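These notes open a run of structures that come right after.
One chain, chain A, appears in both complexes that follow, with chain B as partner in the first and chain C in the second.
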Partner chain A sequence: MASTSDLQEQALTFYKNKSNALTPSQNTLSLITHDSSNFPSWLIAGILQQSVSTNNECFLSPNFPSINKESSPSYVYSFTNTIQTYNKYFLKYNIKNNKNLHFTSFINSDAPPLASWYTSIISEIKSNRNPVVIIENPELVLLLDPTVTINKLLSQIQEIQKHCALYIVSTTSTSSSFTSTYLPSILHRSSLIISLTALTTGRADDISGTLTISTGPIPNENQIESRQYSYLISNSAVKLYFK
Partner chain B sequence: MSASVASPTVLLNRIFSLRESCPFILVSDTFIQSATFLTNELVNKAKSINPELTIIYLSFETPLPPSYLNLSKDKFINLLDKDFEKLINQNLSNLPDDRKKLIIIDSFNYIPNDQIVLLLKLLMKPSNIIYGIYHQDIPSLIDTNNKNKPSSYSYLHYLSSCVFDIKPINFNDADSDYYLLLQNGPHFPLNIRDIHQTKFYTELTYRRKSGRSLDYKFLIDSINHQYEYIISANPASTGDDESLLENLTTFNLGTTKKQKEQRDKVDLPFLEAQQSMGSVGGSIVYEFEKDDDYDEEDAFEDPF
Partner chain C sequence: MSFRRRGEIVSGRERTPGVPVPNVANPMLNRSAVNRSVRGPPVSVGSKPPVTKNKEVKEEFSHPGVKPSIVLSHLPCMSTGTKDIDTILVHGGIPMDNMILIEEDGSTDFSGVLVKNFVSEGIIQNRLVGNGKILNHCIVIGMDSIYGNELYNIYAGNSKERKKKLVKEQEGKLSVSNINANNELKIAWRYKKELQNNNLKEIDNDNSKYPDYCHQFDITTNIRPSPGSPEISYISLDDGYDNILKQVNKIVENQLKNSKDNNKLIRIAIPYLLNPMIYGCSDELINLSNIFKFLFGLKKIMNTYSGRITMMSSISSELYDDSNGLLDILESMLFDGVLRLVPFPHELNVLMEKVYKTQREKIKQGYVDILRLPVLTSMGMMDKRLKEYCFKNSKSNFHVEQWSIPVEEEEIVEKTDF
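Entry: the complex of A and B
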């Protein structure tokens, strides 16, 4: 069996149109799922890098043509992480001080109140042109605020989606009665499904996990490149290989 | 046109163009093969046959109106987490009753079990055709007051006149996620060959006015708009396979050749009666016999 050292490294792409390979259309919802052993901080950093760049640059797709594009205002809202999780990537890929990159953690002491989490997002993004919004684990609102029902949370996410290209990051590890309804409901609203899974055979030194890109139930004007990659995260880089 | 004489593909075309009598069309799907392509087929065909058709889109899932809606005459109403009774009354009460309307509901999963019938009651009118989607992979909202009530899908299935059950093209393959998804919910990684293909299967259950239901299976190509009727690969059991009865008991359950010949010679009265009576369809025909008492006077004649 070939090891990853024999394989050719590949560029990550979600769409067949290579000039905009990681950025979805406006008003669409893309879902990133992960389990407890493979949080996609590297993938989110790659999406943000391409989104704020003016020349299509992304460390996950190094061979893509350099084209002039508009930098999109990009927002990350997290219910599970602080900016510390991303600092290493933001510094390494030189986007830390980009004026179009904004990070808000709802677990910080200076975070907006939970009761108005989605109105604060909408007021922040709606005056922008083509914003990209990434929300990490919004399902935690169900546990943090008992007055929020699943339908209410979905309707809040839907309101945000009307103003941006939205990525939702959700875990597949929890199996409470809340999330068992939440995840399939979000899947039915997605145009693009990106799932990160651990190896079914256990841990390995040369593969960290599997990344699957697949079409969601909602049609998308950009054609999706359905594909599976194996990925390897090392101290120096993230490498992707076709599976 | 009677569904029994039409070919299944003709019936499917008639349902899509809203010419068949189907006041409530239910579509069940999963996220690996959603109803999106089927909805597009139905809307495009229905609009091409009835250009004046009004579409009312009741959305629980879609944030913005789909491209096929013409908002100058069609309506898009977002009902998620809102008072649907009030909004439906507000928006639909002004529409003329005589014009045909297609009401699309995406999807029934977000309506509590005890309010499903109320929603249908608000929408069911002679000029309305309801096309509703139900996602089989979203656990249903259980009515905590009465856990023994039928599920929402049971209600909907019972009330519908036509049911489409959508399945991915390779749902019977050993590595397909379809049955695992129905049993255990979504699991990852997804099988990318399964997901949202433009060709898919649909099982159609069509209920005739008599109550008899007809089941058909189709392969739908949503790119070329072609529908292929799939004839069941399993031959119907004739009940004559005597090899199944071998070694089951210490006595003989089989039939000899002579016994079979004699059985075939027996004239069954029911079959004979059907030769003349069957020619008039399902209606009740009274045949006058010589001993019947026939009253020539009209009992309902005006005596004056």
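Entry: the complex of A and C
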């Protein structure tokens, strides 16, 4: 049986168009799902690296052609993490001090109040050209504010989507009555679905999990490269293999 | 046999200053993430040399209860008060600004012991290292001063160790017999001591570098005098979560902002979270949305005073099953690290009693499952470990080790052919 050491590392791509392998077109919604044990911070760091770069650089797809492109203003809004989670990746891939990268954690004291979270995002991104926005675990709003319904949250997300290329990161491990219909609802509004799952056989030292890329119900102008990868995250690198 | 020249400097093992030495005494420390960092860097896609800021932690803030994380050296950590729990958290403690949840199946109270160790560690550091200064302030939510009276005192050693200590103390005193004995045995004694020291030096390098980071507690003794208001604050649940948050904020502000000592740390403990015995049936206290808001508020306070606060909480996972999703949400979105203690089923206890009839010390009490590791799980490292570790709580130690299934040796019955 082949182990990961026998396999060839692969480059990650969401779209068949290799010049923009990880960045979706404007006004689209892409969904990244994960469970409690495999948060996709490495994937988010890769997406951010490519979107802020001016030459298509990304550590997850290193062999792709170097193309001169415009650096997109990129925004991360997190309800669950602080910059501590990303520090290592941002430093390692030299994007920490990039002027186009903005990180906001709603856990920080200087963050906008939860009641006006989506208006503050819109006001921040509105004036930018082709912004890329990543929102981590917005479903937490449903838990923290009982007045917010799933429909209200979805309409707020849709409002943000009108101004940017939007990634929503959501967990699949909540079976709560608060969020039971949230995930299926947002899934039906996405054009790209990226799901990270832990190994069904349990933990392994040479594989961290499986990443599946699939087309969402909403049509997309870019053709999506549906594929499944096994990935391994170690202290020093991220490796991807075809499954 | 070869000899070195006199003037030649004998080089020791080279070490990077500021990088902690892995605990050699405990083989668990040398697993996974530590090994990964020690191994040669694998060829990575577009990898660049990692940037580390080792000196940042020590130069900006010095506290005897803080040391850098073993895997991410830029993260300062605080001990949980239980050495083996520090070890399985991989960092060597709880990284600052992080919240740890100890879940427990069944009706036992092992998680309560761990939370008490966490609080006791803060108080003991004040008493032993502080020299009159208060180094840690503990905030206990949902408990009163009786909880403080029951905090564990430091372990003084077994009777043999205590006798040895007494003899040592006696030796230090000036007496005729001591002087005579010292003169006769001086060289041999020194030689022996030096040998011992050399052997222990390697093993306890980490301990000697941070000697006051973590202590061993005796759960049959209590800290006396009991900690008072400068060391510990109790917040009652009577006034609701909004008021608790206000009180926590006020205490933290007083302790960190208004205090003359600028190197104080805060330990927040919430023992028996949502236990009906403490939280009762009040709608406000058991409303899930209120709980989430409260924990989110605590997280916000911890991040406001970044690098100064850690939190530990315990919850009975038996009381909250999967139907309302409470544990799922706590595990995936609100707590940074989650451990679960699962006492062994009765059949397994019986089997262990039988197998380890003559080796009682090998009998363990349950599994320690790692559901989430602080920072590392958020970084994407799949470190969920179920039924890989087991624990045993004894008078002086909460011991965690790798689980191995006890094997029953079949009695060889001599068969007689007729």
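Rule of thumb we're sticking to: the second predicted complex is superposed on the first by the 243 of 243 C-alpha atoms of A that agree within 3 Å, B and C clash if a C-alpha of one lies under 4 Å from a C-alpha of the other, contacts with A are read in each partner's own complex, and residues count from 1 in each chain.
Definition applied: a residue touches a chain if its C-beta (ideal position, glycine included) is under 8 Å from a C-beta of that chain, and two chains touch if they have at least 3 such contacts.
Remember, predicted model here, so these are calculated numbers, not experimental data.
K.L.:
Using the overlay on chain A, decide if chain B and chain C clash or can fit next to each other.
P.N.:
On the shared chain A, the partners fit.
K.L.:
Kindly classify A:L101 by the partners it touches after superposition: chain B alone (first), chain C alone (second), both, or neither?
P.N.:
neither
K.L.:
Let me test your reading of the model: by the given contact rule, A:L31 touches which partner, first (chain B), second (chain C), both or neither?
P.N.:
Touch partners of A:L31: none, neither chain B nor chain C.
K.L.:
Using the superposition on chain A described above, determine whether A:K239 touches chain B (first), chain C (second), both, or neither.
P.N.:
Touch status of A:K239: second partner only.
K.L.:
Quick one: classify A:L192 as touching chain B (first), chain C (second), both or neither.
P.N.:
Once the two structures are laid over each other on A, A:L192 reaches no partner at all.
K.L.:
Count the residues of chain A touched by chain B and by chain C, then name the partner with the higher count.
P.N.:
C
K.L.:
A:I135 contacts which: chain B (first), chain C (second), both, neither?
P.N.:
It touches nothing on chain B or chain C.
K.L.:
Identify the partner contact of A:C164: answer first if only chain B is touched, second if only chain C is, both if each is, neither if none is.
P.N.:
neither
K.L.:
For A:Q228, select first, second, both or neither according to whether it touches chain B, chain C, the two together, or no partner.
P.N.:
first
K.L.:
Name the contact category of A:R203: first (chain B only), second (chain C only), both, or neither.
P.N.:
After superposition on chain A, A:R203 lies in contact with chain C alone.
K.L.:
Would you please give the vertex angle at the Cα centre of chain A, with arms pointing to the Cα centres of chain B and chain C, as a multiple of 10°?
P.N.:
120
K.L.:
After the two structures are laid over each other on chain A, how near do the C-alpha atoms of chain B and chain C get, in Å?
P.N.:
Scanning every C-alpha pair, the shortest chain B to chain C distance is 14 Å.
K.L.:
List the residues of chain A that touch chain B in one complex and chain C in the other.
P.N.:
Touching chain B in the first complex and chain C in the second, residues 35 of chain A appear in both lists.
K.L.:
Chain B touches which residues of chain A in the complex?
P.N.:
Answer in residue numbers: 27, 33, 35, 149, 151-152, 154-155, 158-159, 161-162, 172, 180-181, 183-185, 187-190, 193, 195, 197, 210, 212-219, 226-228.
K.L.:
Within the complex, which stretch of chain A touches chain C?
P.N.:
So the residues of chain A touching chain C come out as 9, 11, 35-43, 57-62, 79-82, 84-85, 87-89, 91-94, 105, 107-109, 137, 140, 143-146, 171, 173-179, 198-199, 202-203, 205, 208-209, 233-240.
K.L.:
Of all residues in chain C, which touch chain A in the complex?
P.N.:
It is residues 32-33, 36-37, 41-48, 50-51, 71-72, 74-75, 95, 97, 288-289, 292-293, 296, 299-300, 303-304, 322, 324-326, 328-329, 331-334, 371-372, 375, 377-386 of chain C that touch chain A.
K.L.:
Would you tell me which residues of chain B are touching chain A in their complex?
P.N.:
Against chain A, chain B makes touches at 29, 31, 34, 36, 61-64, 78, 80-82, 107, 109-110, 135, 137-139, 141, 185-190, 192, 195-196.
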